[in-house]
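Each of the next two complexes has chain A plus one more chain, namely chain B in the first and chain C in the second.
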Partner chain A sequence: MTSRLSIPGSAAAAGSPAPNAGVALGVGLAGTALTAAGFFVSDPRRVALSWLVAVGYWTMIVVAMLMLVLIHHIFDASWGVIIRRQYEHWLAALKWLFLLFLPLLAISAYLRPGLIWLWMNPGSLLPGTHETVGEDILYFKKAGYLNVGFFTLRLVLFFGIWIWLAYVVRRNSFRQDADGDLKWTRSNRCWAAAGLPLSGFAITFASIDWFKSLDYHWFSTIYGVYFFATGMRGALAIGVLLMLWLHRRGDYRGILNRNHLHSIGQLMLTFTVFWAYIAFSQYFLIWNANVPEETFYFNLREYGDWYWVGMSLLFLYFAFPFCYLLSYRHKVEPHWARFIAWWILVMLFVDICFNTLPAARDAAGHPHPFFSLLMGWHFTALAGVGGICVWAYLRSFSTTKLLPIRDPRIAECLSYQEASAE
Partner chain B sequence: MSEKSYGLIAMFDTPADIMQAAEAVRDAGYKSWDVITPFPIHGMDRAMGVRRSLVPRISLAGGIIGFVTGMGLIWWSGAWNFKLVVGGKPLFSPLFAFPISYELTILFTAFATILGMFLLNRLPMHYHAVMKQAHFQRAMDDRFFVVIEARDPRYDRAATEALLARLGGREIEELED
Partner chain C sequence: MSEAVEAAVAVPAILAEVKPAVLPRAVLVENNRSFAWISDKICGIIEGPTPRWWWICFGVASFIASFTVAGLIYLVGTGVGVWGHRSPINWGWPIVNFVFWIGIGHAGTLISAILCLLRQKWRTSINRAAEAMTIFAVVCAGIFPLFHVGRVWFAWYLFPLPNSNGIWQNFRSPLEWDVFAVSTYGTVSVLFWYVGMIPDLGLLRDRFTAAGKRVRAFLYGLFAMGWRGSNRHWSNYEMAYLILAGIATPLVLSVHTIVSFDFAVSLIPGWHTTIFPPYFVAGAIYSGFGMVLTLVLPLRAVFKLEDLITQHHIDNMCKIALATGSMVGYAYMMEFFIAWYGANPNEGFTFINRAFGPYAWAYWTMVTCNVIVPQFFWFKGVRRNIAFVWILSLLVNVGMWMERFVIICTSLTRDFLPSSWGYLSPTVVDIFTFFGTFGVFGTLFLLFIRFLPMMPMAEIKAVTPQADAHHGHH
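Let's turn to the complex of A and B:
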């Protein structure tokens, strides 16, 4: 295609104003403050776990966005240019997520040892027994990995990798806006090749450290991929919502077409199936082998209302979105696509809860119920972390152009067609 | 010419010409017609007014049949025809039937997709009337063709030919079936 494509005015304008950044920051700070207050007036362990779930939820989504950007670069993709800049803005949230994670470490390692991760305190009583972590042979065997010093080092390493990669892809992309130099695209491609395995390892070990070690007796080799899959679903859902938001606001008028929505919708379907594949594999192998060392994990998750939470994941997080997303119309018509994107974001939260919360048990060794008044702290925490992430996104949003207008693939992206038209 | 007419064919020189011709033929209300090009032209489906293909529906049917076959196979063989307890598991559980059902879903979907595509395109087809056009080899190189079939209710030998000529079509010929 030799003809120069004219870029509509809104995309070329230097950054669109994002008026709600202040509101997002207000919601974020209020949610954070409320959760912090809850830590002192309510059950501290369960409030801290709410914060862990919220930080985990947003971190998995934003890291998946980072990986989507890297995947986009390594495949030299063209259609994704339309949404890449928005993901790059979201990556500004990573440094804040690191900051928001630190209270968890401070509480569980120093202020109230073992409050979140039992193994951080040798005196912690193992749930449902009279044994402490200090007397547990299984802890001794794993202590070389599970100790506060190494945990802290890894935490810094994970966020270090993500924040560095986010810095590089953002810098390269923003600088290309100014000079149009192709070297920025090449640099991004090289960093993507190095960054994908690094961030893949980081997300795997992060989920082992933060979530699986809540119940350090248990093990599953597929655990890290599970969080990658679920985070990816969230990242794509937010991508769809951003596309539709910017279209409704007018910024994407004449830029976004059905084929872009179809492509991201197909990825949503793909990762719905991928998530189910991972979740089923984990369950099936444990069910089939039927070894007590592994099955107790799912026995806990069949206790009380957790059984129904598990069933809701099967039917409402897999079966329903899968059937729904098979349809072409549901992927490309704004109101249908918006509905399923919100649906996935809600069920993603339930998914993270299912994987983490039953690890916290009462004196009898039973998990606390999913539905209780204490659930309120989930929402304050989710709003707290989410508000700050959205604020970081909006703050970055207003500093650059709407699209990477000098990306070598931009013309191909804006005239994007598929073999089968609507 | 004793044989019955297949329709009219016209040759065009550029992708832009063929796009405009396709839009005009579509707007004239023809239904049984086609465009032949050496390479896919983006936006041609819309210019021709072609609806989305029926193949996905056939694929879905294949997928459902595959899933049911997998579940049915495992249930019938393990819990009905030859009851056998394996590894202390129930005679039938959707869990261990799932990998087979999943694979059969994919396999049958693929079969249905290929089969549906062949059927809807009426393939394999060893003869087609357009091959008689003198310049037709160039449809594989650098020329673009519109064919309007005689079975179209709007087809009229003189009027259709005039339409194609007005759109800039060259080498307009009537094809025999």
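Let's turn to the complex of A and C:
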């Protein structure tokens, strides 16, 4: 039997009015303004890195949502139809994320050269040394890739790919609501087949450009896969929260059932393991080989309180969610599922910090501590970018049907049972 | 917050607007075949007289297998030096062959375990043969490290058993991890294969009993372990199968991860790279699907199984090969890019040497077979041309053997010291021993299709419309 969820006390009736996007926009603008002010009154490099963390965090999540939509199309899956429309709405945030990224480029390339990415200024002093980027042989070797012009071109290309794919899958899906034509499904499948490798390449090189090149001496072939894995965890966690939010509002009452939550919960478990597999592969192979040109990256991340941040990733981003998500109840009961979804989103933020912030170092070459008053800028930035993303989502949310009502798999989705799952 | 299951829920208004576009799913058994037809078809292969072609193939396969036997006898009688590896290439063909065969096995476990967990019903028609392929591939793989230890009668030293000298294994070596990983993998694969077969063995027992063939009825009955098909039996069976799928899934991924560690934990340029674990797993699945296609397509034609192994199955297998082949291509690209981006001269040289050095022929063969060949699977017309798909599947096998050859030989023949550079040429014994493993594999596979149900009848019946209690009337 397909068990419908019921949350006593949720007063909203089916078809609740559209939520007020203005609040989200207000939070977004306030967070952005505060962070911008912080740039002038606080340590500009660390505030700028906070903005990079926030933009990177939300971009990785939204791009992973795009990839989930493409994956659902290419697998012809039925259960995912219930959440696909919400992801499609989130994709509206991509163009804003592009705009929100531009200040980082403007600052590091033109206003304060090398402030974020040291290599953007040949005069930048390498941390803990008296050598500048311009005197660094390793930079010379990579200059063909790491230069402002090519970086900008790639940035435009990455967002161009994502925004175009988002535009196409949204357009096709929304148009199908009106005419029920199968050509939109077929078109989305074709674009999904082409879009997945394109998105994969884009997320790979974006992670290299934005995060890995902060420490441009360091290299790792698995780095792009790592960001794909962590982004997917965030996208799935938000998927769970959206399902439960819509259910609590009343929109999904009589629509969402336990099996939908179970399936997305299983994917959360899968990507918890996948992330750990990728993170372990990277750490273990570098630790085991013990070559200084690679290990310095992790040595930095064992300095001061970063050691505990790293440990928190091991135990709180992998071990705890893994054990937690093994339970069926934890995947399908709203309060349990909501808790782990929030947990993963918080730890994903820690993960992005771990990959990003130790690049900012003091004169002695040591990374600044993770826990400090300056953490406040992380939160203003996160709220700023996140508020704008949520605003973009809510604005799109009110423009279409709650579900893709003419999707060929919508009926299977609504009567979705594990035993009949394709 | 409390949570309860509602018996009745008010129908949301939007559900009245739901009107799905019509796009039927592909059927998994064509021509609406009945349960009886499926039983007769699969059991008929075992019950009928041995076809002449089977004897011919069996003879050829056994003859080819004798090459391995002869090669190994010569090796044991003479020494490991009869294989062509020597400094600086102390790992030559044997490790290439080991990784190649282990990789082949992966698709079997992927189809049986991972696709089971993903509830992909199309797996039913091909999983039994793919699992058999896994086991026979592990047998072939095991030959090479086993005999590479030199004195094969001391191979038990690989296990951490107390011995007279108190010598312990090097637990920090991934080769030792291989021993545990591969032996566990082999054991679980056999268990999984066997457990999945129990209902079908019960059916064969009953049919042989009805036909009055008592010896065969006894033997199949022995291995059916008293299967009666009761609710309790089915319940236990389903749970056991699910648990084994859950165990086999991380196991299969760990095996090829550890195989990749054989290389990646070293400092050798071209080997020490962080993407190796997922790259090896993707490559293994790619090669395994190549081999599944190589095996299943002829079986489909010979036994006229088009209703059970449909075009939909072939499409799906081709698409998985396309996806995993493209992942392998991604890994090749990342290796090359990071070799340049990392600015380590040794890494950079290794990859230039791969593409333009003395093994360039192997490198480009690998790229062609593993990256370009699967791109044909984008096209429906190609996927529907069975003969062409079969040829492409052979090229997949060639490409994946070549990949291991390229990884191992290019890095070892030209490492840090130019004074010790060399070029690996296999000996006749190398070639014969490897060639013979195809005979070993073929012999075992032919025995499998002759004596065991090559398709899981019970599972196939479960995905037919007749198995649905509502029978299409929801």
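The rule we apply is simple: the second predicted complex is superposed on the first by the 402 of 422 C-alpha atoms of A that agree within 3 Å, B and C clash if a C-alpha of one lies under 4 Å from a C-alpha of the other, contacts with A are read in each partner's own complex, and residues count from 1 in each chain.
Here is the rule we use: a contact is a pair of C-beta atoms (placed from the backbone, for glycine too) under 8 Å apart; a residue touches a chain by one contact, two chains touch by 3 or more.
Note that the coordinates shown come from a computational prediction; the quantities given were computed from them, not determined experimentally.
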item: Contacts of A:Gly200 with chain B and chain C, given as first, second, both or neither; value: second
item: Partner chain(s) touched by A:Asn288 [first = chain B, second = chain C, both, neither]; value: both
item: In the superposition, chain B vs chain C on chain A residues touched; value: C
item: Touching partner for A:Ala364 - first (chain B), second (chain C), both, neither; value: neither
item: Chain B versus chain C as contact partner of A:Leu373, first or second or both or neither; value: neither
item: Touched partner set for A:Ser415, first chain B, second chain C, both or neither; value: both
item: Residues of chain A that lie at the interface with chain B and also at the interface with chain C; value: 288, 415, 421-422
item: Of all residues in chain C, those that touch chain A in their complex; value: 1-6, 9-15, 17-23, 25, 119-121, 250, 253, 257, 261, 264-267, 272-278, 326, 330-331, 334-335, 338, 341-344, 378, 474
item: Residues of chain A touching chain C in the complex; value: 3-9, 14-15, 76, 137-138, 141-142, 145, 176, 180-182, 185, 193, 197, 200-201, 204, 208, 219-225, 251, 253-255, 273, 277-278, 281-282, 285-286, 288-289, 291, 293, 333-335, 401-403, 405-411, 414-415, 418, 421-422
item: Of all residues in chain B, those that touch chain A in their complex; value: 40, 42-46, 50, 52-53, 56, 60, 87-89, 95-96, 98-99
item: Residues of chain A that touch chain B when the two form their complex; value: 280, 283-284, 287-288, 290, 326, 328, 415, 417, 419-422
